[in-house]
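Residue numbering begins at 1 within each chain, and the chains themselves are lettered A, B, C and D in the order written.
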Amino acid sequence: MSALLETVGLTRFFGSVRAAEDLNMRVTEGETVGIIGSNGSGKTTFLNLATGYLKPERGRILLDGRDTTALPPRAITRLGVARSFQIPQLYLGMTVLEATLLSLAARAGRIGAWAPLQRDDRIGEARQTLAQFALDTHAQRLIGELPEGSRKLLDIALAVALKPRLLLMDEPTAGVSTEDKFEVMDTLAAVLRDSGITTLFVEHDMDVVQRYSQRVLVFDQGLVIADGEPAQVLGDADVRRAVLGHV
Amino acid sequence: MRLLLVVGLDGLAYASWLFLVSAGLTFTYGVLRVLNLAHGNLYALGAYLGATFVMRYAATGSTPALTYALLLLAAVIIGITVGPLIERLFLRRVYSRDEEVQLLLTFSISLILEDVVKLTWGVSPIFAELPYTFLGRVRLGGINYAWYPFLLTAVALAVGGLLWLVVTRTRLGKVLTSVITDREVSLTLGINVPRVYTLAFAAGAVLAALGGALTAPMFSLVPGVGAEVLVTSFAVVAIGGLGSIGGAALGALLVGLARSAAVYFFPELDLFAIYLIMAAVLAFRPQGFFGEVEVRRI
Amino acid sequence: MSWYAKISALIALSGFCVLSAGTSAAPVAGAPSELKIGVVAFLSGPASGPFGIPSRNAAEVWIDKINREGGIGGVKVVPVFTDEAGPADKVVTEFRRLALDEKVSAVMGYISSANCLAVPPVADELKILTILSDCGTDRVFEEGKHAYVFRTNSHTVIDGVGAARYVLTIKPDVKTIAGIDQDYAWGRDSWEVFKRSMQKLKPDVEVVDALWPKIFAGEYSAEISKLLVEKPDVIFTSFWGGDLVTFSGQAKARGLLEQSTVVVNNTGADLKDLAPGMLIGSRGPNGIVSPDMAKNPLRKEFIALYKQKYGLAANDYIAHGAYHYVQALQGLKAAYEKAIKTAGRWPTTEEVAAAFTHSEFDTPSGRVAMGIGGGHQAIQPAGYGIIKFDSALGVNTFTRIEMFPARCVNPPDGMKSLEWIDKGFPGAQC
Amino acid sequence: MDKRLRAIAVLLVSALLLLVGVPLLLSGWLLFLLTVASAKALAVLGIVLLLRGKLLTFGHALYYATGAYAAGMAVRYLGVHEALVLLALALVAGVAMGALLGLLVARYRAVYFALLNLAFSMVLYGMLLKLYNVTGGTDGIGIGEPTLAGFRLGGNALRIAMYELSVILTAVLVYFTHRFFVSPLGYTLRAIRDNEVRVEYMGVSVWRAVYVSYIIAGALGAVSGCLIALSVGHITPDLAFWSQSGEFVFVAILGGTGSVLAPVIGSVLFEAVRNYAFELSPYTWQMTLGIVLLLIIFFLPGGVWSLTAYLPRRSSR
């Protein structure tokens, strides 16, 4: 099966800090891949490289075999790669609905200056999307007034609204309380399964990765030190040491 | 050859002036990240007060040598009174608000100061040339130069050097740098950030007023000098990169030389020299020569 | 000078009380209770110091005098002072306010050439008698006809032609000339007239340079260096206000005045701030006190009144703008009185305009004739002199004063100024 | 349904009032005041539009003057006197200028954006002074009495016509701007205000959004300038001077950025106050502006418009 996302010899340093070195990995259509690693192991940097926010010093990024290394985030997004953020990147001055509508308009490539954003059909779809994330009750609220957990979900919802082929999530459960964690992930998993979106998510929480990913990549100081079945990978002592810093 | 010398000298003289009037603007921005649109008015205040001192003093007929001290005094007085007043009373309240609000605030202050000057000193030109004429002239490249502009060159070098020393060599400098690089962290380190801000703004004000005071003996003062100076010094600072003293120096030098060259070779371009350079620089290097671009952490 | 500001602001408010004093003769039939006129001058901005404020004050003392002597045709004159500062749209709005809201019978003033070009069309539209009082541009009547508009001071051509003729009397052997003028209309016009006049009057004169610093630039060291290098015999400038003061200061300090003769075509700055040795004209026979002027009773009276209200330096010098505004008032008064005589009752605006056309009247600057522009444009002699420090008075004054008769420095009626110059001043009577 | 009917009724009545009532009731100069105010409101609208994206410009007079001089040049060199043609030319000039400068300016934000525009407007100001033989320098250009849709009107008739023209044009462009605000691009501009990174991650070009918005704002400024040129009848470089830009910013903040109608209200308020207050004491005019601006910043951030929140309003907005 051909790779949806593939990186070849991806390398990026911040001064002396190694964020990625000779990083080779591939994600195939329909997979749900988790990336785990301690802080500073290069997880987020990898997402930034993959989406064109940062440029690698060496190596290439291939999307469906097409080289996207030189492209800016918006071009890569248009090619069907959406992304959510560790710290939600939202429009605090807008209502939840407006933000979602904007994502939909963007997906359709309809950023015009005349036809109104709030079209009935679009509103319908927006409400559906929000409903999937149990955010529909918040539709008319200002994003600035949302609780942290809902912001996190909305951040992902806005990405999903783009109907991407590949969704990259940066610590979807960061900032979510341990008890809600699995609830949130269940909601997500459901949505992603229904919409059949290939998913790559970064996590530092082993249980989450164990439970929601079919495959796990372990990052350590910019290197992939393990790649495989969650159960077997996460069982490995070296991995636990790398991720947790102890056995 | 001789022509080049003359062009160079005029350029240098003008550059020194440019640096003096723009150093304050870039310094304040460097620390507070607020562009002070009232900069030009602080300049005007310094100029008018300096001129008043000089003229009062000249009337007594005692040695002109002291007038230079008076100019400095005027600058300091304006800087340490008006500066902190603006920062404590107004700016302080809007640090948390959007950048455009901060701009609007300094804009409204500049409007007010504009009339304060007009009401205090009237509208007729004021000219305190004593410190200028007292230094007499020197013959360079076959023509007469007044010494005064080269005094400005010396002052400019002194000011630049002083700022550099303070920032790089002193404890205060370390404090400043830490406040600039990360406000929150500095707070946790127990640095009294609000005080640093007031100090920095006052320092910027003193520099602005000094630029004005030292200008008073060269140009006559008329209402509205402030606005002119603001635009000019912004151009200089933008070329060098907002917040960078070295940048201001480089910008001043470029503009100064360009303008004097224009006067000699394309008199019709005199007016635009400064803007042409700014447009050219920014087109290729948006953040100016020494300006740094901020990347959002995500 | 802040008391200038305070006083005039105060007077702007309490104008009525100041003026109500006055014994009025019996008004003619159909006369209004008062004659309201708008008086427009720069009360703020760079032009207010050298021009606006003195003009405004002069108008005020003179209206005061007119009212003391029974007003115009027995009717008290009530001025409405307004600020000329601001872009053209504000000035025009202001004119409309005076005409339509304040319902003034006439408007006088305007120092900026731009405003003197912007206002006339509106004046004609609203049929308001308008007297341009100080601006210089010769375009007003050479490029258009304006039934309701008059200018009681001569246009800037006399300043340029006068400068050229004066330079040749002082320095007949001049070989090279250069110009340094503010980069805007007044500067360009002034230089053009002077340059062409010189080239006509002394064809072998060579123009070595024309410098165009930005208006209000203040910084002229580069320009002065260049002039020092080029060493022209004569340097012409039309600087005024702060720029003139700065230039004269820097030029003096760097010995430019020792090397070249500098001639200024206007006295738009306080005389005490200007360097002795400069040739200077005062836009007509105004600030400069020439012998025949000293005899003029109106001038004596004006200086006395002005001195009494606002004080003066020992040389009794008053800025030219002030004289121009008094001229406007004298012209208006004369026109009204003439019209009243012919009509035998209070005249209509049209009748006043008719009386104004080609009229002549006495002013502190001598007799003024509405000689050209179809009788709408005044002609005056050009007065030039050299600034000299008078140790007796302890202030600057003038020496070697020359008056060039009106017919010598003005084109004949109907001929465009530059055309007249290029043709070699046909009909000039010097 | 009847709500729509009511809306239409309100619209008609207010239109009638503005276009017929006002000219009949108001004195000539108040009418002129309103003409100027509604014309300038368009330039202010441009500033408000940009502020949606947190883009503050201190050089919008650049476009104001561009429009005015486009008309002026056409009158002077092409002998065009038809108001509608002149307006069209001004619009084109404004768009062209915006499209050109936007290439550089649209990359900048905050301070740089504000002062780059200021610098450019000062360059235009300088050029208008310098190119004396082309632009008439500070003497400016006389526009003369324009024809309107081919009709040659004079005196009072022309004044009223000019009033109607600028009121109608302002109304139309205010409506267009409203459409812009509720369009995806309008929302994108608001999004840019909050988070440019996310906008890019929606697959939308931030630069393009800013660029287009900048051009629209420029066009508004140019039309405004042309209307002023037509109704005042004379244009000078002062139209491009920084204080003019400052005035626009002031009016924008005075009126508030909350609604497309705010600039109109702000503009009328400003012209009215200026023409009386200014005469009272020209010396403290700028100080008055400054103090008012301070008060607004600290006590009425939403501008005068935000006071409408206190008005009794019907459930429908």
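Throughout what follows, contacts are C-beta pairs under 8 Å (C-beta built on N, C-alpha and C of every residue); 3 or more make two chains touch, one makes a residue touch a chain.
Every value quoted in this text rests on a predicted model; they were computed, and no experiment measured them.
Listed here as common contacts of subunit A and subunit B: D. Farthest from subunit A, judged by the mean position of CA atoms in each chain, is C. Counting contacting C-beta pairs between every two chains, the top pair is B-C. With centres computed from CA atoms alone, D is the chain lying nearest the middle of all the protein shown.
The geometric centre of subunit A is 76 Å away from that of subunit C, both derived from CA atoms. Each chain gets a centre from the mean of its Cα atoms; for subunit B and subunit C, those two points are 38 Å apart. Averaging C-alpha coordinates per chain places the centre of subunit A 44 Å away from that of subunit D. Each of the following residues of subunit C touches two or more other chains: 5, 44, 183, 212, 214. Annotation for subunit A: residues touching 2 or more other chains are 53, 89. The set of subunit B residues touching two or more other chains comprises 118-119, 268, 271, 298. The touching residues of subunit B, counted against subunit D in their complex, run 29, 35, 90, 93-94, 98-101, 103-105, 107-112, 114-116, 118-119, 227, 231, 234-235, 238, 242, 268, 271-272, 275, 278-279, 282-283, 286, 296, 298.
The residues of subunit A lying in touch with subunit D in their complex are 51, 53, 72-75, 77-78, 82-83, 89-94, 98-99, 101-103, 105-107, 109-118, 158-159, 162.
Taken together, the subunit B residues at the contact with subunit C in this complex read 3, 6-7, 9-11, 13-14, 17, 118-125, 127, 129, 132-133, 137, 142-146, 148-149, 215, 218-225, 228, 259-260, 263-264, 267-268, 270-271.
Against subunit B, the residues of subunit C that register as touching in their complex are 1-2, 4-5, 44-46, 48-50, 52-53, 183, 209-214, 216, 218-219, 221-223, 225-226, 228-229, 241-243, 245-246, 249-250, 252-256, 269-270, 273.
By the touch criterion stated above, subunit C contacts subunit D in their complex at residues 5, 9, 12-13, 43-44, 82-83, 85-90, 92-94, 96-97, 99-101, 112-114, 117-118, 121-122, 125, 137, 139, 144, 183-186, 188, 212, 214-215.
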